[in-house]
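Look at the two complexes coming up: chain A is in both, with chain B in one and chain C in the other.
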Partner chain A sequence: MRRAHLWIFLGLVILAVFAQVGYAQTPVPTPSDDEVNRIAKQLYCPVCENVPLDVCPTQACNEWRELIRQKLIEGLTEEQIKEYFVLHYGDRVLAEPPRRGLNWVVYILPVVVFLIAVIVTVRVLRSMRKPVSASIVSSSSAEIDEEELKRIEEALKQERE
Partner chain B sequence: MVAHIGLGFLVFVFLVSVYGIIASIVGLRKQAFAWVESARLAMLLTFPLITVVVASLLILLLTNRYEYSFVYGVTSRSMPLYLKITALWGGQAGSLIFWSWLLAAFTTAVTLRKWDRDREFLPWVILTGLVTLTFFLSLSIFFENPFNRFWGTPTGEVEALFQPAGSIPLIPQDGRGLNPLLRHPGMIIHPPMLYLGFVSFVVPFAFAIAALVTGRTDDRWIRITRRWTLVAWLFLTMGLVLGARWAYDVLGWGGYWGWDPVEIAAFMPWLTGTAFLHSVMIQEKRGMFKRWNMILIIVTYALVIFGTFLTRSGVLSSVHAFAQSAIGPMFFVFIGITFIVSLSLLLYRWADLSDEGVLYSLLSRESLFLLNNLLFMGILIVCFSGVIFPLVSELLTGQKVTVGPPFYERATGPLFAGLLLLMGIAPLSAWGHSTVKTLGKALWKPALVSVLAFPLVIWLGVRNGWAILAFWLVAFTSSVTLYEYGRAVIARAKRTGETLWVSLWRLAQKNRRRYGGYTIHLGIVLMALGVVGIEMFQTETQATLRSGESIQLAGYTVTFRQLDEFNLPDGRNVARATMDVYRGNRYLGELHPRRDYYWDANQPMTIPGTRSTMEDDLYVLLVDWQPISSQGATFKVFHNPLVNWMWFGALVLILGTLIAAWPDRDPEPRRVAVPSTISVPERVF
Partner chain C sequence: MNETAVTEPRRLPVWAIVLSLLILLAFLALIGWGLKRSMSGPITVGQKVPEFQMTTFDGESLRSTDFVGKVIVLNFWASWCKPCEQEARELEEAYQYYKDTGKVVFLGLAYVDTEYNSKEYLKKFGITYPNGPDLRTSVSQMFRIRGVPETYIIDQSGKLAYVKIGPFGSTQEIIRVIDPLLSR
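Right after this comes the complex of A and B.
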């Protein structure tokens, strides 16, 4: 009976020692704060308003950062960790809306509106220019046509005012 | 008693404003000067009346009257005096009153000007000012009354202005205290500056409306409001810069601008306001782009109100908070009505606002200014979409999304770079026509100097192509600006025999607007240098240190010496670390990052210890990652190159704006008449 106990105890000790050795043989170094931050920087606190996870001072965020560390230890890649957060806390944890569905609006609309603005500006500039360039082209430097004369007179009048 | 007086005057000033609106309308309809004068007096009366309201609120704040829910929400007994005063704009109800007060100050001031030449504008300016004021006062009276009290009823505690039947007054012993983020000396000046910037844009808007209604659509309204607009712009700019500085000093994330919707809300009117400041010059000089100027000022006003709405209605935290808050829908309706009315007026006058001038060249200053406006509008479009989209998404799909810095930086980066480039080119282009030849002639010398930036930054170790380009842009624009300055100063000194300094002074005095403008550009360029430095070269690291251990970053060594923890009488528990900073082997001094814990608000604050030079900032934070103990603590260290240039540039910018806005006795600037036969513009587009 006693001997049996001893064997079990010895067995456990050996197991423990081997487990330690096994652990040491495939070491998983604890990810540094910088490694955690590099990922946390790209994520937003799931409950606060617009606070990046790497700088959020709340206790909850502290735990989320530890979660990132945990996931790194588990061997997840950066993308997988981000996916994990999106799955659990929604799209709002990403710094940008993921490019799908309705979210495309925010990527496309500004570009379209800006292009429209560019086109409108160019057209306005062109339309403002037309009569002048036409008259300039038609008049040689030696002679001044009537329209030109009128404009100079107007300009002079303005100057006198 | 004090509260009764405050409430009484609040109602009184509301009635006076409503009366002023009615009087100006009657005056306009009957063409009766007496009514208009009466409206003017009503307008003048609003400021002293609201001052009484503000004074009584301040007395309540300073005398710890926690039975008033506003006082309870923003102050506590332990807060120092200056914070109790600033608490006036630290909460919703008080900030609305403060807004109205500043608005009344501005509209009253503009009412006091000489109106001889512009009689017909007066009633409309009063009307626009008073309608805006009445709107804000009505919010204060009906929705966010700062004089609401706590009452105990059989069913629980309620907030109400008057005693509900069967209730007893409740008097809490202490207040909840101001949000710790706001307990900072920056609180004294940042929000008032921002608010001043917001309200002062109401003045040019009011004149624009007056010009539209009366049909006096020449540039008179622009000339009257030129200085007002500059002052408004100065306040708004200072508000934004101070906010950035505050974030840098207090928020503890190593940056100054996080593209947060609240920041963007204040940035959007700045964008249109800046575009407006530039494009009005074209109208003054050449009589062009009148419609566009009207659109710009209308949009600026709408964005001012919209910015206030975004920050005040709670819509940013959730679309549903908007529905719950009483003032959100009110704002929405007000923005909608004013916007539609202004646009209708603009359409009504569309034909009268046709251009007087013609465009001779696409390289002329007027077309480059238009290009500048286009870029500003581009940034506005990005900002607006980014702020609005999360709300739309939540409303349509229920899914909350974040639109953060990567989105804005990617989209606005090229636009900002374009603006920087234009800032270098446009001042050298001529009104009327410029050709590639004339522009090239003016530009080649400073451009050549700026090319030296390439070898310099590469020699300094910069390898990132975008960064090199950005540094070149900074060098280009600053050398052009300095060249313009230098050339004029030397020419003047030669002509008059004055010393260079006297020449510089006289030159700036003679053409304030031009040289003020150049100085502002120089300020912006310096700020850009800071932005490039921190955006592209910021590095950071974090580690948990025991006493005597160090972190290394960018050639600096930061050694943790000790941590002290103590309580302060203002209700803070402070954990303050002492760090020794070395660069190489040279000892540079101590830094003291700290963590302030506010008992009343249950909230920690991380205050960085910063070593700041023109070269770089070393920014050390005591991070609340692990429980702080004297044995060890976690520190985050940021290395922020060149960031100080941003604050320095802001000072230069303020100086430039003061030069430009300083009252002078010069007659109004005259139109530049461009006789088109002097040279035949080349086709350059």
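Right after this comes the complex of A and C.
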């Protein structure tokens, strides 16, 4: 009786092991073009000039898209596939430069320039609202007296005669 | 005459001026550095070749400094490159010719290629000397290659001795370049 139990137990263990193997070998569905292109869009053709990989028409690009599909089947994540491309073809294949080293300039510089522009604009606008500067002195000289005007006109007339 | 209120023109604080100047200087330095880098030409014949390393498709790591005292034939190729096929067999023949002397090292670097296609290419042309991908295109950038195929021959003292842009026409052409270096 005991031996029968042992055999049943062993049988169950073997079944469980085979079930696991069967589960592990379940074929991964082939990734669709959309899934491949979602990653390809974030990469650039390593040999063409400024052509995103998802729209690149060359044979080489087609092979790289197939490589993405292959890597997806192998179970690599989007980030891992991008890392694979960077490792093989360099940072230039990335549509967005990685945030490290000198690449930070690309991200920081526009913000710094924008902040400087805001500060300059605010200062210029403030200065436009400021009182007239010290060198300009207002006076009532524009309001020439009527009598004075008559006197000047008389003098001019006499000069002409 | 009436005088209105007199106001002093506002000035930027000193720290803001210094910071702005520093940012400007850093930016200019960065542009200068980039320009210098882009303007520096390729390694020329007679110039010392900086150290480079590669990992073969078999996973072996090789450094150029491991081959001091030997002539290095460094070939850049790609499986998608048709002209590369013209010299593939010739390079292998030249490798076989010098193999037993132990004085010449042949290295191949696949330029922006897929591993599968590269290996198929090597199989197709029966290439047996060490080959590997040019990871991050670092070596091709160092030599500033303009395309593939290109071959750089480095002499025993680590100086660039010969550059071939395009494919070699024959095995003899390769031997004619290497032999004088060996007899130096």
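Criterion: the second predicted complex is superposed on the first by the 106 of 161 C-alpha atoms of A that agree within 3 Å, B and C clash if a C-alpha of one lies under 4 Å from a C-alpha of the other, contacts with A are read in each partner's own complex, and residues count from 1 in each chain.
The working rule: contacts are C-beta pairs under 8 Å (C-beta built on N, C-alpha and C of every residue); 3 or more make two chains touch, one makes a residue touch a chain.
The model shown is predicted, which means the values in this text are computed figures rather than measured ones.
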item: Which of chain B and chain C A:Val86 touches, first, second, both or neither; value: second
item: Partner chain in contact with A:Asp33 - chain B first, chain C second, else both or neither; value: first
item: Partner contacting more residues of chain A (chain B vs chain C); value: B
item: Chain B versus chain C as contact partner of A:Leu109, first or second or both or neither; value: both
item: Contacts of A:Ala117 with chain B and chain C, given as first, second, both or neither; value: first
item: Residues of chain A contacting chain B in one complex and chain C in the other; value: 90-92, 102, 105, 109, 131-133, 141
item: Complex contact set, residues of chain B against chain A; value: 251-254, 258, 260-261, 288, 316-317, 355, 358-360, 362, 367, 370-371, 374, 377-378, 381-382, 385-386, 389, 392-393, 396-397, 399-407, 411, 540-544, 604-606, 624-625, 634, 636, 670-671, 673-677, 680-681, 683, 685
item: Residues of chain A touching chain B in the complex; value: 32-34, 37, 44, 49-50, 52, 54-55, 57, 62, 65, 90-97, 101-103, 105-106, 109-110, 113-114, 117-118, 121, 124-125, 128-129, 131-133, 136, 141, 144, 148, 151-152, 154-156, 158-159
item: Chain C contact footprint on chain A (complex, rising order); value: 46-47, 59-60, 63-64, 67, 86-92, 102, 105, 109, 112, 116, 123, 126-127, 130-134, 137-141
item: Sites on chain C touched by chain A in the complex; value: 1-10, 12, 20, 23, 27, 30, 80, 112, 114, 116-117, 133, 135-138, 141
